Amino acid sequence: MKIPRALWVAGMAVTLLLAGCSKKQETAEETSAVPSEQPAGGTPVDPATAGEITGKVTFNGPKPKLAVLHMDQDPVCVQKHSSPVYAEDGEVNGNGTVPNAFVYVKEGADKYTFPAPTEAVTLDQNGCLYKPHVLGIMVGQTLHIISSDPTTHNIHPLPKNNPEWNQSQAPGAPPIDKKFARPEVMIPVKCNQHPWMRAYIGVVKNPLYAVTGEDGTFTIKGVPPGDYTVEAWTATWGTQDQKVAVSPKGTATADFTFKPGAGT
Amino acid sequence: MGSTTLTPPKTKPPRGTRLGKPGRSGDGFGWGDGHGFSGGPGGGWSVPARAYRTGMWLALGAIVMLFAAFTSALVVRRGISNDWVPTALPRILYLNTVILAASSLTLELGRRALTADLATQFSRWLYATAGLGIAFVAGQLTAWHQLAARGVYLATNPSSSFFYLLTAAHGVHLLGGIAALAYLCWRVAGFNSSRRTAVDVTAIYWHFMTGLWVYILVLLTARF
Amino acid sequence: MEAHAVATHAHAAPTGFIRKYIFSLDHKVIGKQYYFLALFSVVVGILLSVLMRWHLVWPDARIPLLDKLSPTGAPGGIMTPEYYLSLLTMHGTLMVFFVLTTAPQSGFGNFLLPIQIGAEDMAFPRLNMLSFWVTFAGLVVLLSSFFVGDGPPLSGWTAYTPLSAVGSVAGPGEGTGQTLWVISIALFCVGSLLGALNFITTTLDLRTRGLTLMRLPLTCWAWFITAVLALLSFAVLFAAGVLLLLDRVGGTSFFVPAGLVVSDQRIAHSGGSPLLWQHLFWFFGHPEVYIAILPGMGITSHVLSTFSRKPIFGYRAMVYAMMAIGFLGFMVWGHHMFVSGMSPYVGFAFSVFTMAIGVPSAIKTFNWLGTLWGGKLRLNTAMLFAIGFVSLFVSGGLSGLFLAQPPVDTNLHATYFVVGHFHLVMGVAAIFGMFAGTFFWFPKMFGRMMNETLGKIHFWITFVGVYCIFMPMHFLGLEGNIRRYSRFTDVNFLVPLIPLHKFMTIAAFVTAGAQFIFLFNLFWSMFKGEKATENPWEATSLEWTVPSPPPFDNFAGRHPVVYRGPYEFSVPGAPKDYVMQDAPEPVAAH
Amino acid sequence: MALAIALVIAVITVISVYVFWAHVWWLPVDVSTHGASIDHQFMMTLIMTGIVFVLAQLGLAYFVWKYRDRGDRRPAKYSHGNNALEITWTTAAFIVFVGLNLLGYRSWASMRFTPAAADALRVEVWGEQFQFYFRYPGPDGQFGPTHVNLMNDATGNALGLDRDNDPASKDDIVTATLAIPVNREVELILHSKDVGHSFYVRELRVHQDLVPGMAIPIHFTASEDALNYNGGRYEIVCTQLCGLGHYKMRAFLQVMTQEDFDKWLKQQAEEQQ
């Protein structure tokens, strides 16, 4: 949202205004231009030969102690929970597996065309937490934001590559539908009114992504045969890459093990 | 208030004939107590020359407030934080200072020539002043280039922020002065020892700009 | 710039439409341009306040058409908190700058100052035109923020840093909207500085023969002192605006301290001072409130004296009081900052000056009452609004005495007590001044009379209405009702206060609706009003010696000569109950 | 018309005075030891301004009615004023206004000019969009350093403490509710992580901005009364416009007996170890 300095030096307010307008149009054009970014006449995926990538994400180290989230300031949030709520980032199961890791095909799938799905990805605000905590979405796909809480939230994604926005959603207000024009892993989402609330959105160019479940495992389906670089992302320990080869109708395995000290 | 000279009675300021109503002579109205009033009923009406001086002094008052605000910001900013790194000023600034001081001098010489009704000399000094003014601005731009070449930009540290801010603010005001000088050069033939309000008013501004620059230089170099 | 203006002054009446009405050099046209700019702004500003009041008491209500205006600001017509704050910012900015600073000073002042001092025009007509168009550009830039990015900024008209300095991460509207806001204010500063320079020069140097300073109408004194305040304070706001803009787009750190983490994002600034912004802003901001109210005081004095048919009581005391207000006005800005983290010793010193500035205000009030005392009051609409001004000024001024004292302010700071105080004393009081001025000078400006019946209906609803809106704010303040909250449902102690808020909102709807009566009266009278004579009010100052409306050069080549002060009413032995300022005949008593 | 305006002004005056007089809306209960002096100064101001308000408004109303143009031949009084009167009311106003302010000096001085006692309970207050956090120094009495790169609300480390590496941080207790013992002086040190906020507890008569880049100390003592109202629970609200969530930036203040406070603190400490 920064305006070029040269314009300021000129001091021409009207010019600035135009800059503001043209910037807006630019964004709109980019959104509409997204499909054409895909290589023209790219290969469609043949479902008959597509395989899958599975694996699990583990953490090898002392299990981090998760802090209790203090929701005292908003009684609505407190009432939604009967027991203390712990921070979600850095969560590790007893057997060392890691839920809420984002795994996606980083390289190797560019030659295929993947039209953005028409169905939306839903992000719910429930108990003053985001459900899900980590989610993936395709460029141009709709993010459908709803609230199950009788309190006002604001949804504030903090992207580096996409336009920032920040919008309140009162109880009973209509859902908010948004799209992301450029790939970005990951976009943190924050509610400033409940600052502990955090979601991560992985915006990717293809549907070849998954989020590890409660048991720390994941499955990426519909992967056309070929060689890929797969990346796993965690909120606490950063990312890891791995090369995998998927044979026709085959299942490739990619396990990721994170160690303490890495990451942010 | 600076209203030291009264309008010469029954003369029009230059250019008054262009848009003014024909056949009217200028009266020095305005004191409300009849000072400077010399026309009888039916006399003409125009703005007395002292109004331009008043206006100029007021403009300078506003500029003083502007730079006073910048100064207080500088003093506070330098005082409260520990991230202030003095910026070594390019030496060309001192040359620029001499150039600007010289331009004030040439302008004064020009005004003397005007008092003596030496038209050719007046125009020469006027051109010299404008030339020196442009040289000063060019020198300031050179100083910016030298700083930028050293990797010192607006946001590099607070002292460089203030350096660029104050030099730019002064430079913009000085450009106004150069525009006024250019106007004087353009209409140089219209001035003489009794028609000179525009020259005198410009001179007030120009000398003020010289003094302001010296003040800024002291502010930027002083260690306190 | 000055050099350019030299001698281009004496101008003939232009003939083309553009030179006559758009890029006019005529102070009367420019005055009307300012007046209508302010009128437009005040209509928008009131509309915003109605929307805000609506949302405050029915926060979940669907406001019709609002979702069309801003689909993200009011999804489904329900206003979001950020949109509320955007409207709040725009309401404050429009009202303070483009209404209160514009209409009483630049509007009426431009139209009347040259005529009242017997001059043909302002000293620098080209600067005058420039100052209007720069102000106009400022308004356009400000309003454009409704249509770009996230909409207008949400940092309020005070734009406290670092909220206003760190960009969109701090909230919606803090991106492009806030940048446009700063540019708009900078433009407004330039326009006001040019205007102030012109006013001062005109008053000092263009007074006609015999018009000594102590024979000036109090309106001229008010405009003059206001212009001095504007000249000294807007330059400082301009400087602050430049610094803020550099912090926003140039990466500097004047107002942003080190180590900020906004929305979990580290801010790459270091070492700036948020209090520096507050000091610079309020160094402008406090004189600004006097810029808003002084012209209203001048108009009120003028109207009260005229319709009391009495000389103003204590003319010199009035002048000195205005000078004292202007002077002390520069030494009290810290009273906005008692709880800001400023040194408490400095705070107390500021409070002493602030209490002292109440003295000249009291003097003025006593003198207004003294003017009414023993008068022969003609209670027309202009007079009613002037009386209303005095009442509102007293009410709002007295609540300032609470806020001026640091210990008392501790509990009232940033509550509705403050909102009630400044709306009464510098908001509606100043607007009552404008109404009085409009009814009083409309005949001179447009050559026709306004309708008195409509005027009185409008007065009654407005007078009672504003008391119903703003007096309860003081009660809310006692209860600790915080200002700038977009709803009162989320803090327990605010919930019981909502019924009172509902009462105020209804009063606001009625009062805002009553303004249509004024608008109708204004435009209807412009074309259909009764033709005005040269001096319909039997007033004494010079503008009533020329036709209504005045000719292009005001006095048609004539030079008025002034023989006496401006408020010579009911002079014993005089043939009528008023003596014109330019009447040469000797008068029995003086 | 004259009677109408006189009556309206009089009615407005009477209603306004009545609402103040009858305490229809009034100051909240005061539960601090210093609040009485503030309330006293408020009352002094209210009485003084009340008198001026009534006299000025009723005077205005009376003059408008009394001196209306009745259509008779009585001329208006030709007077340019009275210097003696001017001097009198100028002096009187000066003495009353400035004198009133000086009366408030001690109240302000006792709150602001002296630091907190050495044995006061020290608590840090941190504001951010849109939440208050409170930090107790723990048994060592030291507040550990805060690291901006570690500040992360989602991990519950809003203040950026490095408990593993900073010994002073290890026992620090961070809460979202401010609990304080009754009858003991409390010193709050106010910080802001992002933009300006303000700390206001109306019942405590405490109000101070949180300014980013500054650590601002304030001190107060909750009086015995504090336990008696609303279970000792009061609302802390933000009064400095800080962004879209300003209207709900709030926390609770819980006043407790010293024993309850010790227990509470211990429980918080256990939860965070």
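Letters A, B, C and D mark the chains as written, and numbering starts fresh at 1 in each.
As a convention for this text, a residue touches a chain if its C-beta (ideal position, glycine included) is under 8 Å from a C-beta of that chain, and two chains touch if they have at least 3 such contacts.
Computed from a predicted structure; not experimentally measured.
Between the interfaces A-D and A-C, more contacting C-beta pairs are found at A-C.
Between the Cα centres of subunit A and subunit D there is a gap of 43 Å. Averaged C-alpha coordinates put the centre of subunit A at 50 Å from the centre of subunit C. Centre-to-centre separation between subunit A and subunit B, using Cα means, comes to 59 Å. Within subunit B, not a single residue touches two or more of the remaining chains. Among the residues of subunit D, those touching two or more other chains are numbered 128-129, 152-154, 243-245, 248, 250. Counting only residues that touch two or more partner chains, subunit C has 80-82, 171-172, 250, 257-258, 263-264, 272-273, 490. Chain contacts here follow an irregular pattern that is not a line, a ring, a star or a complete set. Considering their complex, residues 66-74, 84, 86-90, 152, 154, 166, 168, 190, 192-198, 235-236 of subunit A touch subunit D. For subunit B in complex with subunit C, the residues that touch the partner chain are 1, 3, 12-16, 18-21, 24, 27, 29-34, 37, 39, 41-48, 50-52, 54-56, 58-59, 61-70, 72-73, 76-77, 80-84, 154-155, 158, 161, 165, 169, 176, 179-180, 183-184, 197-198, 201-202, 205.
For subunit A in complex with subunit C, the residues that touch the partner chain are 1-3, 5, 8, 13-14, 16-17, 20-21, 23-24, 152, 154, 156, 158, 164-174, 176, 188, 190, 192. If you check the complex, the residues on subunit C that touch subunit B are 1-12, 117, 119-120, 123-124, 193, 196-198, 200-202, 204-213, 215-216, 231-236, 238-240, 242-243, 246, 250-254, 257-258, 270-273, 276, 279-280, 283, 553, 557-559, 562. On the side of subunit D, the complex with subunit A involves touching residues 128-133, 152-158, 174-177, 243-245, 248-252, 271-272.
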